[in-house]
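Each in structure tokens, the structures are laid out below.
One chain, chain A, appears in both complexes that follow, with chain B as partner in the first and chain C in the second.
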Partner chain A sequence: MTPSVETHNLTVIYDKKPAVWNIDFTLPTGKIIGIMGPNGSGKSTLLKAIMGIIEPNIGYSKIFDQELDDVRTRVSYVPQRQSVDWDFPASVKDVVAMGRFATKGMFKRLNSEDNKIIEESLQKVNMLSFSNRQISQLSGGQQQRVFLARAIAQNADIYLMDEPFVGVDAGTEQAIINLLKSMRDAGKTLLVVHHDLHTAQDYFEHMVLLNTRLVAEGPTEKVFTKEILTETYGGTLTTLSKVASLLKEKDFPMRHK
Partner chain B sequence: MEFFTEIASFFTFSEPNVKVVFWGSLILCAISGLVGTFTLLRKRALIGDVISHSVLPGIALAFIIGQQKNPLYLIIGAAISGWISTYLVDYITKHSKIKNDTAIALILSVFFGAGVLLLTHIQHSGNAAQSGLDQFIFGRASAMNMNDVWLFTIVGSIITLLIVVFFRGLSLLSFDESYSQSIGFPNEILKLILSITTVITVAMGVQAVGVVLMSALLITPAACAKFWTNNIIHLAILAVILSGLAGVLGSAISYTYNGMPTGPWIVVVISVFAFISAFIGSKNGLAKKVLQRNQNNKKILRENTIKLFYNPDEGETLSYPFDTVFQKSNMHRNTLKKGLNMLKSEGLLKVTNGAYKPTELGVKESKAIVRKHRLWELYISRFMHLQPDHVHDDAEGIEHVITPEIERELEKELDFPTRDPHDSEIPY
Partner chain C sequence: MIDFWIILTASLVATSTAILGCFLIMRKMAMIGDAISHAVLPGIVIAYLLTDSRASFPMLVGAAASGMLVTYIIQFFNQKVKLQQDASIGISYTFLFAVGIILISVFSNDVDLDQECVLYGEIAYVPLDKSFIGDLYIGPRQVWILGTTLLLIATSVWLGYRKLVVTTFDPSFAAALGINVVFWQYYLMAGVSLATVVSFESVGAVLVIAFLSGPAATAFLITRDFKRMIFFAIALGISASIIGYYTAFWLQGSIAGAIATIIGLQFALVFAYTQLLRKSRIAKVLDNKALT
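Right, the complex of A and B next:
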């Protein structure tokens, strides 16, 4: 089976300090996969590097064993809800329609089929009655649903979601996880950044545990253990962060030719 | 009186130069309204300010090199120095410890300072062709000629075309840059289009408005329009219209008071638009809030009145003379009359011989409002642990807000209750 996402030595350095360091893994398809780790452990950065939104300084990643550009229409990215200004002049439908731009490109008009897909996507997240609502009037949970609907409208095979459960109400959280499960059952792969340990075990079948470096990756029952969690959440590696600060301070290159 | 004749003479184009000023200001302002829509939406308002101040040294240098006031040279000079300034701001922010706001302040003042220096140097050089160059600081639309207008028209058309063609990409870039990148839109090219069009628009616009106020002309029209619409296409169109109108009115006023700079007047007019929009704009405007409050009061009166006709016993609906209804209510006599008339006109009440009787629809409505009231009472007594004698006042207010969706949620959450905390029946 082709792996869904693989990264090789993926390293992203912000301002000389690594945000993720030497990440190396191969993930299965058709599963709900959690990316877990404490704040500032590089979860979002990892997702952005895989999506080509941030250029990795070292290493590379592949999706379905191919370059991102060759499989872009099969990949959907859900940014953090807080990363956009919801006061933007747009309706719920306008935002979900953006999902169709992935296949339509910048110039082709949306047709009735696209509209059907948009409506179905809204239906799936239970927001169809909000189609014409201004996005500035939505609650946090509703905003997240709109973002999910936009991703669903892309009709992709793999979904990379950045913190879809942050700041949503309990009802929305349950609705989202049910939706993810039904997508998984339809053969989709879901890569979800998450930080709540309590729910992690119920939500994810497979996990990536991250704290700047990769701590563990594997099926939940194997990696969701006390030792591994302690290692992930037990603070940074002191020596590693010392090396990182040295790199920054003395302006050393991380790799040299 | 003289003022009006002067204004009239402006709009009838009685002087040949007026036509030039009219079209020049209209085109410049309209384009800056269009381009500024994206400056505003991308939250680059301060960058607009940097560019507009930074075109000054470019204009001066272009004059020094060309030794004449050829508009094309001046615009090219302005565009280049404007471009360099934005590039420097981005570069400094990205590659140094200096934060964005500091970089903006730094570049703006350095470039503007250099521009003023160069301008002073030119003025003292004794070149006769330089006269009027200092008007770039506050703008003077009357200094334009027909060649300028043609140039603005051609360049403006190209800018408009670019923005219309790439509208989808530019909107997505402005809303959600990461997502735009993730679906493979060429973000870098889109950003390039925006910065080129902004720089060129500013470079042309300083003719009419001047470098000091140009950024106001970029941002204010779109900011105005945002009070009226929440659709990005409408926003852009409205910004263009408002901005064009401000351009024409502003230059008309400045023409009338001979010797007044154009820029400040255009900005004053667009600011008046902004002020008005903030008050009466249909979105987020003050008048909207007043209107909303009126609607709410109407709804409350309507529902409170029909509630008076609630009859827990099924079966025959009774008629009530006005005085009976009045005693039941604790409303003002006239308020109640207003409410009753409202219900009558909506067909919820029938009046026979001065007695009011609810129609079938009226009965249904009265049940609905009582149901909402009692559901809410039950909800807060259960989930907020309030005593039954504390829930009534809260429900009096909330019953008017509850939408059918929320009502269904309440029913579900309370498991379709039949009795409220006071053990009265909840009517369905």
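Right, the complex of A and C next:
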């Protein structure tokens, strides 16, 4: 099977300090893959380097064993929700329509086929009734759903998502994870930057643990261990105890005793 | 007829700048126009010194070159030196404008240029500079220059509309689609440079800035649809030109000053209206709540 994403010696340096250092991995296809690590560990930078938004100083990455430019229409990127100005004068539908630009090119009018895809995408994130709503009137969770709908409208094979669970309500978080699982079942690969250790084990089958360097990469049950998490999160007291309690919960379900 | 030519001149400037202004304010770059309109001065003076004439074309080239130079410097400070956008704008255009002033004062014997005129323009003189085809009078020269500029800008924005919108709203997503974000930034800035450079001769730098930011800002308050925002901004700019002209006529005052003032009043009125609307909406919601 062709790997979904592979990176080789990927290094990005801001000023003098490296943001990601010498990252080497090969990720499987058809899985929900988490990129985990503490704040400032280079998670977003890694995603941006893979997407060519930031030029790496050293190294390169490939998607489906090809150059990014050759597979762009098969790749979708969901930036952090806070990275855009939601006061931009546009409707929900306008934003989701941007997902069609990649395949339509920049000049062709959107036809009924595109409109159908846009509607279906909004349906999947449960936002169809908001289609004409101004984006400035959306809650954080709704904004995230709009971004996901735009990504779905791209009809890609791999989705790279930067912190899709930040600042969303519990209902939206559940809806998003269900959506990701159904996309995975349809054969898509999902690469998700995430920072909440509590939910990580439930959400991801495969993980990349990052702290500027690559700490570990592999199936969740192999890499989500106390030793690796301690190494990733640097062993501050609070995170350490959190990790310990997390692992304990899994091993000895206290409630059932 | 003079009324008509002056209003048409102002309206042509208003339309070009309104289109560009909508993109600029959504990119939080409205003051780029300010920077360009001041930074053109050294380009104009150097062009004048090199060609020893006040012919429009070399001056336009000089102005456009220094206009693009300042956008490049601002971009460089902002992206590479990581200086804040407003600080980058402030430091670069004041420097270039100052260089222009020094050039004028050093070569004051040779330079027949008036920096007052650069800043405030003189729209009232536009009809005096006439164009002819053979013997046929075809209107003021400025109207033809500004008309061509408008056509060029409107076409470029129309052709690049989707890319300009996507790179304005979500540059990372645009980059992920394979769009060259920096190219479209300069594409827009080239338009702003062109509009500013050809406009300031007739209407002055201050009115150009007012036209770039005012109508777009007012339109932003009125609508939440980007295409409509552009059309509203154009309508506001043209109406400000008409009302401003007659206000100036009535007051026997500066035309550019009156138009800029009307642009400010339009914003104030629309702002007051939207605030009232908001309050009455809130009151309505509270009333309904009290009833239930």
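Everything that follows uses one rule, which is that the second predicted complex is superposed on the first by the 234 of 257 C-alpha atoms of A that agree within 3 Å, B and C clash if a C-alpha of one lies under 4 Å from a C-alpha of the other, contacts with A are read in each partner's own complex, and residues count from 1 in each chain.
The criterion applied here is as follows: a contact is a pair of C-beta atoms (placed from the backbone, for glycine too) under 8 Å apart; a residue touches a chain by one contact, two chains touch by 3 or more.
Since the model is a prediction, treat every value here as computed from it, not as a measurement.
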Fit or clash - chain C, chain B, common chain A: clash
Touching partner for A:131 - first (chain B), second (chain C), both, neither: neither
Partner chain(s) touched by A:155 [first = chain B, second = chain C, both, neither]: neither
Which of chain B and chain C A:22 touches, first, second, both or neither: neither
Which of chain B and chain C A:57 touches, first, second, both or neither: neither
Footprint overlap on chain A, where chain B in one structure and chain C in the other make contact: 48, 51-53, 69, 72, 75-77, 79, 83-85, 88-91, 94-95, 98, 101-102, 106-107, 134, 136, 150
Residue ranges of chain A touching chain B (in the complex, touch as defined): 48, 51-53, 69, 72, 75-77, 79, 83-85, 88-91, 94-95, 98, 101-102, 106-107, 129, 134, 136, 150, 154
In the complex, chain C residues that touch chain A: 26, 28, 159-160, 162-163, 166, 168-170, 172-173, 175-179, 220, 223-226, 228-229
Chain C contact footprint on chain A (complex, rising order): 48, 51-53, 69, 72, 75-77, 79, 83-85, 88-91, 94-95, 98, 101-102, 106-107, 134, 136, 150
Interfacial residue positions of chain B with respect to chain A in the complex: 41, 43, 165-166, 168-169, 172, 174-176, 178-179, 181-185, 226, 229-232, 234-235, 283, 405
